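After this come two complexes, each holding chain A, first together with chain B and then together with chain C.
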Partner chain A sequence: MQKLLVKKELQEILRSGQFRIAGLIVLLLTVIAIFISAGYYRSVQQQHAQAQSNERNVWESQDDKNPHSAAHYGTYAFKPKYPLSLVDQGVDKFVGISIFLEAHSRNEAQYMAAADQTGLARFGELTPDFILLFIMPLLVILIGHNAFTREKERGTLNLIKSQGLSLHKLAMGKWLGVFIPVAALTLAIFLLAGILLSSLGDFGELSWTSLLMMLLIYLAYYAIFACVSLIISALSKSSGISLVSLLAFWIIGCLAVPKAATNIAELKYPYPAKQAFDEAVAYDKSQGLDGHDPWSKAAKKLEEETLKAYNVSNLQELPFNYDGYRMQKGEEHEAEIYFKHYKELKSIHEQQTGVYRGLTLLSPYLPVRFLSMSLAHTDYSTHWHFSDAAENYRIGLQQALNENFADNSEYGNWAYKADKALWSDIPAFSYAPPELSDVLAHNGQNFAVISGWLILAFAGLFLSTKRL
Partner chain B sequence: MLPLNIRTELRTIFRNYWLAAITVLLLSLCLYAGWNGHNHVVQRVENIESAKRTMQEADALAIARLDSIEQGLEIGLATWQYPNSPTTTGNFNPRVAAFEPGNLSLIATGQSDMFNHYVKPTLTGDSFSIAFTELTSPVSLLMGNFDPAFVIVYLLPLLIISFCYNILSSEKEQGSLVLIASSPLSLRGWLLQKILIRFVVVAVLLSICLVLMLLLNGASLDGSTINLFVVVWLYTAFWFALAYMVNLQGMSSSRNAITMLGLWVALVLAIPSLIGQSANAIYPVPARTLLINEMRMAQNEIDKEQDAILDDYLRNHPELMTRDADESTAYGWWQRYFASKDLLAERMSPLVNGHDESLRKQQKWVNQLSFLSPAVLMQNSLNHMAETSTQHYDTYRQEVLTFSEEWRDFFLPMVFQDQPFTKDKFSQMPEFSFDGDGLSSPVNINSIILLLITVGLVVSGFARSGSKEAERLMQ
Partner chain C sequence: MLHAENLTKEYDGNRALDALNLSVGAGDIYCLLGANGAGKSTTINLFLNFIKPTAGLVVIDQMDVNKEPLKTKEVIAYIPENLNLYGELTGLENLEYFVGLSGKKYSRDHLSDYLNEAGLQANAHRQRVKGYSKGMRQKVGIAIALAKRAKALLLDEPTSGLDPKASNEFSELLVKLSDQGVATLMATHDLFRAKETGTDIGIMKAGVLVEQLSADDINHSDLEKLYLAHMN
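The block that comes next holds the complex of A and B.
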């Protein structure tokens, strides 16, 4: 009997002009979005590869020069793109694409794509994640809003009930009727994305496990929307009221709560202004050792300590160039300052994330959005991971250059030039994003919230159909 | 007949729970959004004020030191930190080039969460490397803000839809349409009248909410606020006109709701993103990665040319140049330093200008296509009135770059002629003030387009001819 009901529901939905037209539009938009995104990412990836190799050439083609000059000349770390960013581009548009790695300073990633676009970019873009997160739930609502009201309006609800079908089974049947077409469409979209991604050679290796995880998360998202649609349909008097109420749910969950969360997060845990942050760093730096300033208190102290440690009476007697040594100590002090200030920024990021997480109970969109971005390596945490990796590389690079200076020249010899072979001896920057297991471990709470939403949604569905 | 109709309609509306619901909703949404916008503005003002305070403290300290130097006292600093060196003051006492918020800045966050509102250009800093983007969480940028513009552009249409989707269809479904049709008033006239009354009710409510929102959040009511009201009324009128058209199709309530929601998705979500994307596709901004490469290569070449002349160490640390240096050396060194900077800026300018040009072309394209979506027209108008539009930040950037040149031009003669920086020169330093008044405003043209679309909808609805049309609606 339940099978019959599911079959009837499916037939009804598939035959309805509404689903056909809307489904076709969604599918068409998705295909367009996937191809636009694929084209965009392919070009970004090419630019990235080209820029990275050009930059390495520029670094390696430096002439013989003082290692500290090379340190100031610096190099760039470019943030790579990953295959699943084609499905969910996350915050990529709003973070810089490259970090300048130089002596004495940890720089922010520069050149976010959104700053090079008009204000319209803030409306969102026709990308696969836009369709998966915003448009597909609307499709679910469109299919499900009248699942019960339709029967009520036609007077066929009693007829169905008189067939001896339990209300639970009726609810499940209706749910399957709404869920199956959407799930099939989603599956088709992911399959298309998977095939496309594995055929794009220069896109890096696609993790099918991550793609599958993503698919499951979106299916859970639509399952929740299907339940809510049926609950509201069961509680509403007419299809119109049901539709409008569901739309209110959609707009609260997908637009209003996330935006309100932003305002709460920014109000409670504001980031410092860029200039103020830079000045605070500069102030802290000035309180300690500056490798370039041999006259400061900190420099004098270091000098005394070094002379004592090596048991010599003047800097010329040290077995290394003290200028290089002081430069390295200064660098270490500055790295500590940056570590401290970036730790504060990171803790603001954690606190803000806490605000979003706190509101996931009001919006199934939030945990799905965060999980999807994490899996695609397009979330803010991955950006932090990249930024930290670049900073570690910078620290190592400075150390290698300062050591070369200290070990190969004598005190006071700023005219020392390192052989240009040194530039290519220093390994290039390479970055690997967090492993899937780390991503999953980091997102335990989001999984829990989605599971909670699913349980609540199904419980709500069975309770609301009881009252039919 | 007409006054009685209106009276009946008003009575129905006032007795209906919808009015109470819409009042509470609009008021709470506007006040909450206004409060958010206000917080954003307060944060911006505080940041600027704190920067200005720091600047004044640094100025006072430098003046005190100059005083001491002029009196021949020892100030206990390394020579390169002496404020009577113009390079020191030019670098360590920069002005705060601030972009202060306007009276209506709270109504639309626009681009203000992405860009910063003050920078401090220095004498030896690269003008093209001034960072104009703010330290913000990209998650916040992705999710957007719950500001008054969000309430007006996104939510207001939905309230109107829920208020109007079943005006005609509900009468039909209740069977009362025949009764109305028997009255002397035509069906389309009857519907138009109902829609108009609802429009007036919503417009009045909205105006009260907006006035409260502005007054409670410290904005003053002036000429620009009247502009705001006109724009908001027009946008409201557009959605009512759309509701009128959809109702006239004579479909069921449910179909009306679906159609109107479909239109909402298309006009508020889909078309704006498509216009934005088409702008990116047609006028792509040259890749920033390649800009970096170009800059590096140009720098490399210039460095190689300079290697013969400039001392490596001092080039990286121009502030370490002492006043005691031989005049001809100091003059020559700084000249070469700024010459190499100019050379780099000159080489980079086609690329940097290329970026700005593409962005301006994108904006032009977006403006040309914005008639396709009233939501875009509305958002652009609100951003402009809030002084948070892309054009505002672009102009601010340009003005800062001009100011940065002025700053340099003020100090360079002193540097090259080895003149000391004196106390009285503090008052002669160039000051920055942002002037966005010269920006061309899209508000009027956007309003005219909105008005034309709205009138077009109403007229085309009303023009659909008489008895046959009524018959169709009755079916």
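The block that comes next holds the complex of A and C.
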């Protein structure tokens, strides 16, 4: 029975010019978007690889010098791009791609791609995620808005009902009739993306599991839209009313709610201004050990404690260079200050995310967007993860340099120069994003919301058919 | 086969059908006459379970329509005034679809036979229905009834808008089905067809069945007079 219902729906849809034209346009746009994004991805990856290699060469090419000079000379941590960012660019363009790693300071990521774009970029870009999140639901609406109203308008609904068919079966057949062409189109898009992404060579390795997971999430998104389209169609008196109602749902769900969520989150839990944040960090730093000022109160206290611990009367008698030791303690103290302030920022981020998650009940767009970005490693959480990894590397780097200074020179010998071999002995920064299992675990609530949407949408569909 | 007992339907306190008692036996063609709003379509819709009765009983093939709405539909076929099929599908595909919905499955050749039996020309079977005339669409409706092996036909002004030739062909098909034992309840405005085709005639006025008579007991002229007398 279902086969018969689906066959007829597909026959009608495929024979109507409406779907053929709309489907072709969507497919064409997606292919263009994928190829544009692939070109951009390759170019960015090339630039990243070049910059990363140059930066490492610059670091390793330093001559013999004092390790603390090298610490101030600094180096960069580059955020890698991942193949799935080609499908969903997420917030990548707005969060910077590299962090300058230096002594005493935790820096923000720099060089946002958005900063290099012209004002025209404000009009938006043709990217695969734009098509998957905004255009495909419109296609679902186009196919599904008149699924029931058309039957009512031409009088075939009564003829169907007179055949003794259960309305639930009819609803399921209609749903499959709307969902199958969209799912086939989505499958084709992901297959094309998969083939392209797996041929990236040196520019990243595709996780087919993540791609499959992303595909399933988008299919769930379209399944919800298909249900909503049929519910509205079942409850509407005419196709025109149904289409307008569904477009209102699309505008609210895909445009208004996400933007309102941003405004509400910012209003309720605002991030501190950059200047205020820097001032708060500077104040905390001034209250403790900075490593450079041996006459400060904190430095004097550390000196007394160290002498006592090693049971010596002056710094020259210590088995290491106290300058290097003090420098390291200063780094540790400053790292704690950064940890404290960044923890506050993260807490605000979590609170803002909470606002978004609260609003996911109003729109299936939000959980799908979050999951898609997480799987593509282009969300804020991954950016925080990268930022923390870069900070841990910076702390380790400073420790290695300070220890070299402390272990290989005497107190007061600021003329000490470490052998240039040290620079290449320190491993380069490398970053591994969260594992898929961690991403999935972190997004449990989003999965729950999508599941809730699916259950409600199907329940609504079956209930609405009673009104037919 | 078709039986209504004290069948009543009210809409917001307004009585659209008032204690209708009616029976259509196997092979009978019962024609319901009456002006617009007399309750003819309401009666058909109650038999189809498209609407629920306020009171009374509707029985098809000894089954209570309200208790077994899906089962009763297995034995009936319905043809409305405008049988609008799926324009993008062919006549054959439409037939396959609607017959399939009732749980019956036939080969395309077999379905073609039903279309032939309903009088649809062979070259039209594989044409898209959007090019069909109303008469051709009604023939597909009859083919559905034939393929479904319906025991009863519920027709709501099926000949309205058909040209005399098509109307005559349709009536011939009804008689043919009647000969096969199919019970027919037809709401119509066409007094001539009612007298020519029907075995029984009922006249309705304001939800009440005011007259019931055998078609053999009255001639065309008297039927018209009787009808007009009730309408005044």
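Points to keep in mind about this one:
One rule holds in what follows: the second predicted complex is superposed on the first by the 461 of 468 C-alpha atoms of A that agree within 3 Å, B and C clash if a C-alpha of one lies under 4 Å from a C-alpha of the other, contacts with A are read in each partner's own complex, and residues count from 1 in each chain.
As a convention for this text, a residue touches a chain if its C-beta (ideal position, glycine included) is under 8 Å from a C-beta of that chain, and two chains touch if they have at least 3 such contacts.
All figures in this text were calculated on a predicted structure; none of them were measured in a lab.
Placing chain B and chain C on a common chain A by superposition gives a fit, with no clash between them. When the shared chain is aligned, no partner comes close enough to touch A:I455: not chain B, not chain C. In the superposition on chain A, A:R15 makes contact with chain C only, not with chain B. In the superposition on chain A, A:S166 contacts chain C only, with no contact to chain B. Contacts of A:G155 after superposition: chain C is touched, whereas chain B is not reached.
Residue contacts after overlaying the shared chain place A:A282 against neither chain B nor chain C. Taking chain A as the reference, the larger set of touched residues comes from B, when chain B and chain C are compared.
Seen from the C-alpha centre of chain A, the directions to the centres of chain B and chain C diverge by 90°, a value given as a multiple of 10 for the model superposed on chain A.
By the touch criterion defined above, A:K65 reaches chain B but does not reach chain C. When the shared chain is aligned, chain B comes close enough to touch A:I251, but chain C does not. Of the two partner chains placed by superposition, A:L191 touches none, neither chain B nor chain C. Closest approach of chain B to chain C, taken over C-alpha atoms in the A-based superposition, is 17 Å. Across the complex, chain C meets chain A through its residues 48, 50, 70-74, 76-78, 80, 82-86, 88-89, 93, 96-98, 100-103, 148, 154. Contacts from chain A toward chain B in the complex involve residues 18, 29, 36, 43-44, 47-48, 50-51, 54-55, 58, 61-63, 65-66, 68-69, 72-73, 76, 78, 90-91, 93-98, 108, 110-112, 114-126, 130, 134-135, 138, 142, 146, 149, 238-240, 243-244, 247-248, 251, 255-256, 258-263, 265-267, 270-277, 279, 292-293, 295, 345, 348-349, 352-353, 356, 380, 383, 414. Contacts from chain B toward chain A in the complex involve residues 32, 36, 39-40, 43, 47, 50-51, 54, 78, 110-111, 113-120, 131-146, 150, 154-155, 158, 161-162, 165-166, 169, 253-254, 256-258, 261, 265, 269-270, 272-277, 279-281, 285, 287-293, 296-297, 299-300, 303-304, 307, 312-313, 316-317, 320, 355, 358-359, 362-363, 366, 375-376, 379-380, 383, 389-390.
Residues of chain A touching chain C in their complex: 1, 4-5, 8, 11-12, 15-16, 154-156, 158-166.
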